[in-house]
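Order as written gives the chain letters A, B, C, D, E, F, G, H, I, J, K and L; numbering starts at 1 within each chain.
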Amino acid sequence: MSIGQPMANYAAARRVGDFVFMSGVVAVDPSTRRAVSSYEDIPEAARAALRTVGYATGQMSVDVFEAPIVAQSWFVLERIRQLAAEHGGTMDDVVKLVQYFRRLPDYAPYNRVRGLFYPGQPPVSTVVEVSRFLPGDEVLVEVEATAYLPSP
Amino acid sequence: MSIGQPMANYAAARRVGDFVFMSGVVAVDPSTRRAVSSYEDIPEAARAALRTVGYATGQMSVDVFEAPIVAQSWFVLERIRQLAAEHGGTMDDVVKLVQYFRRLPDYAPYNRVRGLFYPGQPPVSTVVEVSRFLPGDEVLVEVEATAYLPSP
Amino acid sequence: MSIGQPMANYAAARRVGDFVFMSGVVAVDPSTRRAVSSYEDIPEAARAALRTVGYATGQMSVDVFEAPIVAQSWFVLERIRQLAAEHGGTMDDVVKLVQYFRRLPDYAPYNRVRGLFYPGQPPVSTVVEVSRFLPGDEVLVEVEATAYLPSP
Amino acid sequence: MSIGQPMANYAAARRVGDFVFMSGVVAVDPSTRRAVSSYEDIPEAARAALRTVGYATGQMSVDVFEAPIVAQSWFVLERIRQLAAEHGGTMDDVVKLVQYFRRLPDYAPYNRVRGLFYPGQPPVSTVVEVSRFLPGDEVLVEVEATAYLPSP
Amino acid sequence: MSIGQPMANYAAARRVGDFVFMSGVVAVDPSTRRAVSSYEDIPEAARAALRTVGYATGQMSVDVFEAPIVAQSWFVLERIRQLAAEHGGTMDDVVKLVQYFRRLPDYAPYNRVRGLFYPGQPPVSTVVEVSRFLPGDEVLVEVEATAYLPSP
Amino acid sequence: MSIGQPMANYAAARRVGDFVFMSGVVAVDPSTRRAVSSYEDIPEAARAALRTVGYATGQMSVDVFEAPIVAQSWFVLERIRQLAAEHGGTMDDVVKLVQYFRRLPDYAPYNRVRGLFYPGQPPVSTVVEVSRFLPGDEVLVEVEATAYLPSP
Amino acid sequence: MSIGQPMANYAAARRVGDFVFMSGVVAVDPSTRRAVSSYEDIPEAARAALRTVGYATGQMSVDVFEAPIVAQSWFVLERIRQLAAEHGGTMDDVVKLVQYFRRLPDYAPYNRVRGLFYPGQPPVSTVVEVSRFLPGDEVLVEVEATAYLPSP
Amino acid sequence: MSIGQPMANYAAARRVGDFVFMSGVVAVDPSTRRAVSSYEDIPEAARAALRTVGYATGQMSVDVFEAPIVAQSWFVLERIRQLAAEHGGTMDDVVKLVQYFRRLPDYAPYNRVRGLFYPGQPPVSTVVEVSRFLPGDEVLVEVEATAYLPSP
Amino acid sequence: MSIGQPMANYAAARRVGDFVFMSGVVAVDPSTRRAVSSYEDIPEAARAALRTVGYATGQMSVDVFEAPIVAQSWFVLERIRQLAAEHGGTMDDVVKLVQYFRRLPDYAPYNRVRGLFYPGQPPVSTVVEVSRFLPGDEVLVEVEATAYLPSP
Amino acid sequence: MSIGQPMANYAAARRVGDFVFMSGVVAVDPSTRRAVSSYEDIPEAARAALRTVGYATGQMSVDVFEAPIVAQSWFVLERIRQLAAEHGGTMDDVVKLVQYFRRLPDYAPYNRVRGLFYPGQPPVSTVVEVSRFLPGDEVLVEVEATAYLPSP
Amino acid sequence: MSIGQPMANYAAARRVGDFVFMSGVVAVDPSTRRAVSSYEDIPEAARAALRTVGYATGQMSVDVFEAPIVAQSWFVLERIRQLAAEHGGTMDDVVKLVQYFRRLPDYAPYNRVRGLFYPGQPPVSTVVEVSRFLPGDEVLVEVEATAYLPSP
Amino acid sequence: MSIGQPMANYAAARRVGDFVFMSGVVAVDPSTRRAVSSYEDIPEAARAALRTVGYATGQMSVDVFEAPIVAQSWFVLERIRQLAAEHGGTMDDVVKLVQYFRRLPDYAPYNRVRGLFYPGQPPVSTVVEVSRFLPGDEVLVEVEATAYLPSP
């Protein structure tokens, strides 16, 4: 699995002054061009972490409804963590998140997953339910992050 | 009535550099966990101000349709004003607003209420209609504000 | 045709520190108060540019479905270019775009038009499908731009 | 603008005994065969009156949603006033109104406009939301009035 | 066929002072408890009259869509004519009609049929589209009539 | 409980000549501004009367669906009775009812309740299903009454 | 009228041990292959019984909405009573009912009819609203009964 | 809070031979006649148990979507446990569950709650999504249980 | 292909007294976690049997619509046959079936397939159309079986 | 039963050169003006033929969903066979069929019925799903045939 | 008005052998690129002809619903007549029409208009209701004609 | 990839006299039984050709919406070209196309692709939007072609 390249010809992130603006991130694996939809689509280490908050149960009838949003939440936040790292920062430097959902009840599992990336208080946060994301209906969450990384 | 705590464990506002980013604000009273829905849910002083622009008429058949958006608009903008004040600023320092609505015709009453907070020209403004907000269908407007408060 | 004034009493753009924030832009001609809907609503030079990427074919049955989004895309990006110019910058200084669509398949033609404004790599980019824009259903795209123009 | 002729071959009003029954009135300009939809479709004097109750703001994003019902409300009530006048009466002689709306929230602006015609208490009043009016979807309100004009 | 009894226990018409108020009339044959739906449900004389305005063509694919509203229009107006006659009047004494339709395009054929009952100008007239009538979906039009029959 | 004041600034009833016209009545308790929705919202005497026609059973799963229309029907007709009494009349003087429903199957329980107010034959009656009433979706029936009370 | 044969090739009821399991019963007359829809579709004795609980009023506008569920409820429970009788039992031996409805408000009239079959307390009971029954949309209720008839 | 009486006049459970059949159980508090909708509607001990499986977080935006199904699941299974106890059994004697949901994704939280009642393997289980339950839309789950309690 | 394990942690079947209760069965292959959707998902022997009743035609445009329900019907009934066999019984010992469908017209092909498992009369049978099954939309039928296998 | 006359005043078929063009055929019996809907609407010989491909089972719950399309398919193709015969040809001379369906899954049973008319390979064939046919919703299939009958 | 050029780059008609195939014709005026929608969009001579079959009444409330389909029917058939004329034929040589409608009830007025072009029997005719036509929703009918014009 | 066999047992094309009639063609690969959905489903040479008209961009977010209709358009027209070739003709001999779409805006990309097959003027052309095609929802276009290939 690779979560590195953007889906189209635009910059994934860009530093301007003390800020790093990131493009909206969705959970699409560029190698397969498909949205993340199950726990198999993320690494075992991620699954282990998700089990600590009660997901990835291994029961088909439970996972079938939860896996898409839980796995996408992990994928998207991990991608933001990587982008911050590429600019020399950590999740604590990501100070603002705009979080778009297709179905607002997905905020509950997303919130548990975000707790894995922000053991302390999460950053400034906006949450809205919208209609759809690129590249299609199976994408459930998009997050636009802003990092503050003042030049030393 | 109290309009101070956020609905979840994230920061209501955060200063980074010369900017204060605020989380998206909705009109939910944390003490009751319910969305603002009538003129009774806001202070009398607010109602008096709203009467100057023609709302809070006291006629049931008129107020029943207008009260939810008018009262929520006041609540949300007042909360932004408070957050700016907590960082030493005023509404004039809030330089950018992203305003999400569930029903775009609500922009008309919102605009009149915003005029009470910005007697002069309002700041940079984006308006879009989206599907839903936290914590549920009765929330009609969410506003994400950015303040510019250069350190002295 | 004139693409200069905003639709309401808010600032079209505002410099704060090294940044120029712009209000969300939609393709409404203030002189007619109508949304751009056909190739006749934009200048001949624009049409010529669009023909280089395969649009403005002159065939009624082809243009009828493509013209609204293609012409609006041009109008919106041209307006952003003008606002950047008014603050002394170019499209290359516009470092972040939040792009809202009513129908996500419109991203494909929008993307071709944006290529005319960004011959190189486009800036940081967020794309979401939402429900509606001001002033009504015929508006298909709204773009919120941020420029970085450090004071010399 | 002319608001005199009915849309079809029936009587606009008819005296029987001490009563004047009026046909249901909608805001269609017979000269253009189109429904009233904007403030341009009514006289400047009407616009001035409407501004006293907060409408006809001149802001496109506000007027776009309010103008149709506000202008139609004025048009319809003015037509009823004319019909009463043709039978030797005034608005005070119009003792009963049945008011049909396509969208009940339109009652709020209608009620403000009616206040311009009835500075005192309005007459006996019935309000229902129905599906549609002649000649089509753009008509938002229809009012059927009854006047009491006892023969001297 | 019999078009005399009401569907429920209320008065079909009642004289008060100089007026005869009639209950809303729908085209239901009390003997069969079914709504009128085809030209077979009305007398041959009625069909002959309808042919003079272009209906009852005998072509199945034409009549199938037109017969229900055309035959119901005739039935309802004939019933009103009978009620007026029972009180000593004619159609010319019926001075006001409130006409409810399930589908407003049905006004066009109804209007042609009404012309058979009012060779001159029809009375004061209100037309609205509503949702449904008693006793069910197949009823397309209901007319409430008021007659003025001053006591001699 | 109080069922006396109107919801807005218009006359509840008005005498003109020998007639008393009444505004359309809905079952909204002005003291709470809420629509009548259960048997608790009406007096015990009313509940006792309703039990004689089989309603107010005390079984939750039965009452939950029937109570709103049954209690509203009682409330609306009682209000009309009061208005007639205020002008010196009784239910027998109320000679015409226009009855609007949101769901036509509600006519069956309404009809049983009306029988309590009109032990003999009810007056001239029109019934139509419309979309909605003031002040909102929970109102299920509106009745417009006309009384004939010739001056002595 | 005959309410004896099942609609397809399966057993209507079968004894196993001390239990008699019954197939789900719907109100379809096998001789006509049509669902019961009016009071004419059931015996006069049934109508008389239903009149004791307020149904079968003879008023068309009341019966048209109530007759289908009331008559089907009677038919289905009578069929269950017959099946119990064929195995030597009575309604008191039917100890469990699973009752499926297409529209849950139909539970209220069903409950009144069931009271005719169970003058005392009804048996263990499950009620759910589902989408549809065999053989089609006009079937409103299906009941699956279990009888306990220990071998002597 | 009391979870003891049924909503209507039928038996909550009944022993026949070695079996105890239970009526379908929904989470309605008979004292308030309202469906369970929040964690406040169940005892603190229940909340504590639910926290062990990750629910009842105290965060409004998380609990708002999860509380209704989680609290109803606890309420329904606790009621079944009580009914089994009234017949001298435990949850292990409840050998079969038919579980109806309004929204199948609710199976995931329900399954976690059921694990609190069945630390070992749950009984024979059927799960279907249906349309609605008594007494209304806010009920999300209904469970029909069968216990096997052979007479000693 | 394997049709042995349940989808979640509950018992597939359980003997209590002389009865074997089975959990509701759906056609999901546990090895792939996907619903059966084509004739390739079942064994050749099954296809051969289905051809005897006219299915599995090999024509793409015919099979595309029929294969999902036909193959699922076979899979579900075969699974029930296996569970009966595991408890020492045959299909003749399965005395009761509750059959849930997503689309009731699927009963016709299901009935032909069931005839392969019950050459004689099928057992007691209940059929209802519901909304959805675990684990998702592609599941078209669920069957809950009860076997009677008295201990020798 | 008679399947000879067209529904309106147009030619059922017409020879031009070596071709016989036929009007689109639907299964409407001109004598009753109703669409074919059951096996009773076609001759016994047709039913016998349909039984050879598994239809007309005599089981109500199976036939209720299949009969309309199966019987209409037979009716339409038989009518085309008759039209070919009237011009001196057979089904083998009908070289092209355009087949419109209201519900594409109906192609499967149609295809089996067409096999009765074309024991060998069917002709050139186009299949599309459209919205509706004359004279109404109950018509499920329309076929437009072209025959090649070179003049000798 | 001009009804000559096609909307796109394809042939309007083409002779092959003894046949002239015509492209599907819709009522779009190439000079305005708009669909015909009123009687003003067709010549006075056409209006006069339409008046002979009862259309073009001059009453706004009647014409508003009928004009679009009546005027388009005339436009389309006139265009076919012209194309036939360009190849040396008349309407009698047009031997086959495939007629697509957006709303099948439009067949009735279309049929009356077609009678003006075919005073005798119309040609072979297929009628289907489909979803939409080029260039958009306002087009109500499309006709594809085939002429037989054997070379002399 | 193979685009040769039809999906069912009918002739793909048939010569009668000087004409070759072709069955309606859809883009389904018989070897996989799946509809063409991406550029990978067609040969590289096809992709190269499509790039000359601006498609097959390689950008995921652009191709995801355009690929299905563009690739299907190529597939269908290529299949028609092959069928013409099998009868000794070329695309220029295909004189008539009836083109059915599921979504009419797909005509624009289809038209560009057709230009690759008809560098000059395309043949006589009919375009309609219908509901669905065999074998399912993913098929976006069906084309029925007629070739004129007079025998030498």
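Keep in mind that, in the parts below, a residue touches a chain if its C-beta (ideal position, glycine included) is under 8 Å from a C-beta of that chain, and two chains touch if they have at least 3 such contacts.
What you are looking at is a predicted structure, and each value in this text was computed from that prediction instead of being measured.
*Asks:* Give the chains in contact with both chain B and chain F, ordered by label.
*Replies:* Both chain B and chain F are touched by D, H, going by the contact rule given at the top.
*Asks:* If you tally contacting C-beta pairs, which comes out ahead, A-B or A-I? Let me know.
*Replies:* Output for the comparison: A-B.
*Asks:* Which rotation angle, from 0 to 180°, best lines up the CA atoms of chain F with chain G, given as a multiple of 5?
*Replies:* Rounded to 5 degrees, the superposing rotation is 180 degrees.
*Asks:* Look at all chain centres (mean of CA atoms) and spot the one farthest from the centre of chain G.
*Replies:* With centres defined by C-alpha atoms, farthest from chain G sits C.
*Asks:* Name the pair in B-F, A-C or F-G that forms the same interface as B-C; by residue number, over half of the contact pairs must coincide.
*Replies:* A-C
*Asks:* Quick check: how many Å separate the C-alpha centres of chain E and chain I?
*Replies:* 56
*Asks:* Centroid from C-alpha atoms only, then distance chain H to chain I, rounded to Å. What do you get?
*Replies:* Spacing between the chain centres: roughly 28 Å.
*Asks:* Round to the nearest whole Å and give the separation of the Cα centres of chain F and chain H.
*Replies:* Centre separation, chain F to chain H: 40 Å.
*Asks:* Give me the residue numbers in chain A that touch at least two other chains, ranges are fine.
*Replies:* As it turns out, chain A has residues touching two or more other chains at 8-9, 59, 61-62, 65, 98, 104, 107, 111, 127, 130-131, 134.
*Asks:* Who touches whom among the chains?
*Replies:* The set of touching chain pairs is A-B, A-C, A-H, A-I, A-L, B-C, B-D, B-F, B-H, C-D, C-K, C-L, D-E, D-F, D-K, E-F, E-G, E-J, E-K, F-G, F-H, G-H, G-I, G-J, H-I, I-J, I-L, J-K, J-L, K-L.
*Asks:* How about chain E: which of its residues touch chain J in the complex?
*Replies:* These residues of chain E touch chain J: 59-62, 64-65.
*Asks:* Within the complex, which stretch of chain E touches chain D?
*Replies:* 18-19, 95-96, 98, 104, 107, 111, 121-131, 146, 148, 150
*Asks:* Which of the residues in chain D end up touching chain K in this complex?
*Replies:* 7-9, 28, 30, 33, 134-136
*Asks:* Which positions of chain E touch chain F when the two form their complex?
*Replies:* 8-14, 16-17, 21-24, 98, 100, 130-134, 136, 142, 144
*Asks:* Mind listing the chain J positions that touch chain I in their complex?
*Replies:* Going through chain J, the ones touching chain I are 53-54, 59, 61-62, 65-66, 104-105, 107-108, 111-112, 127.
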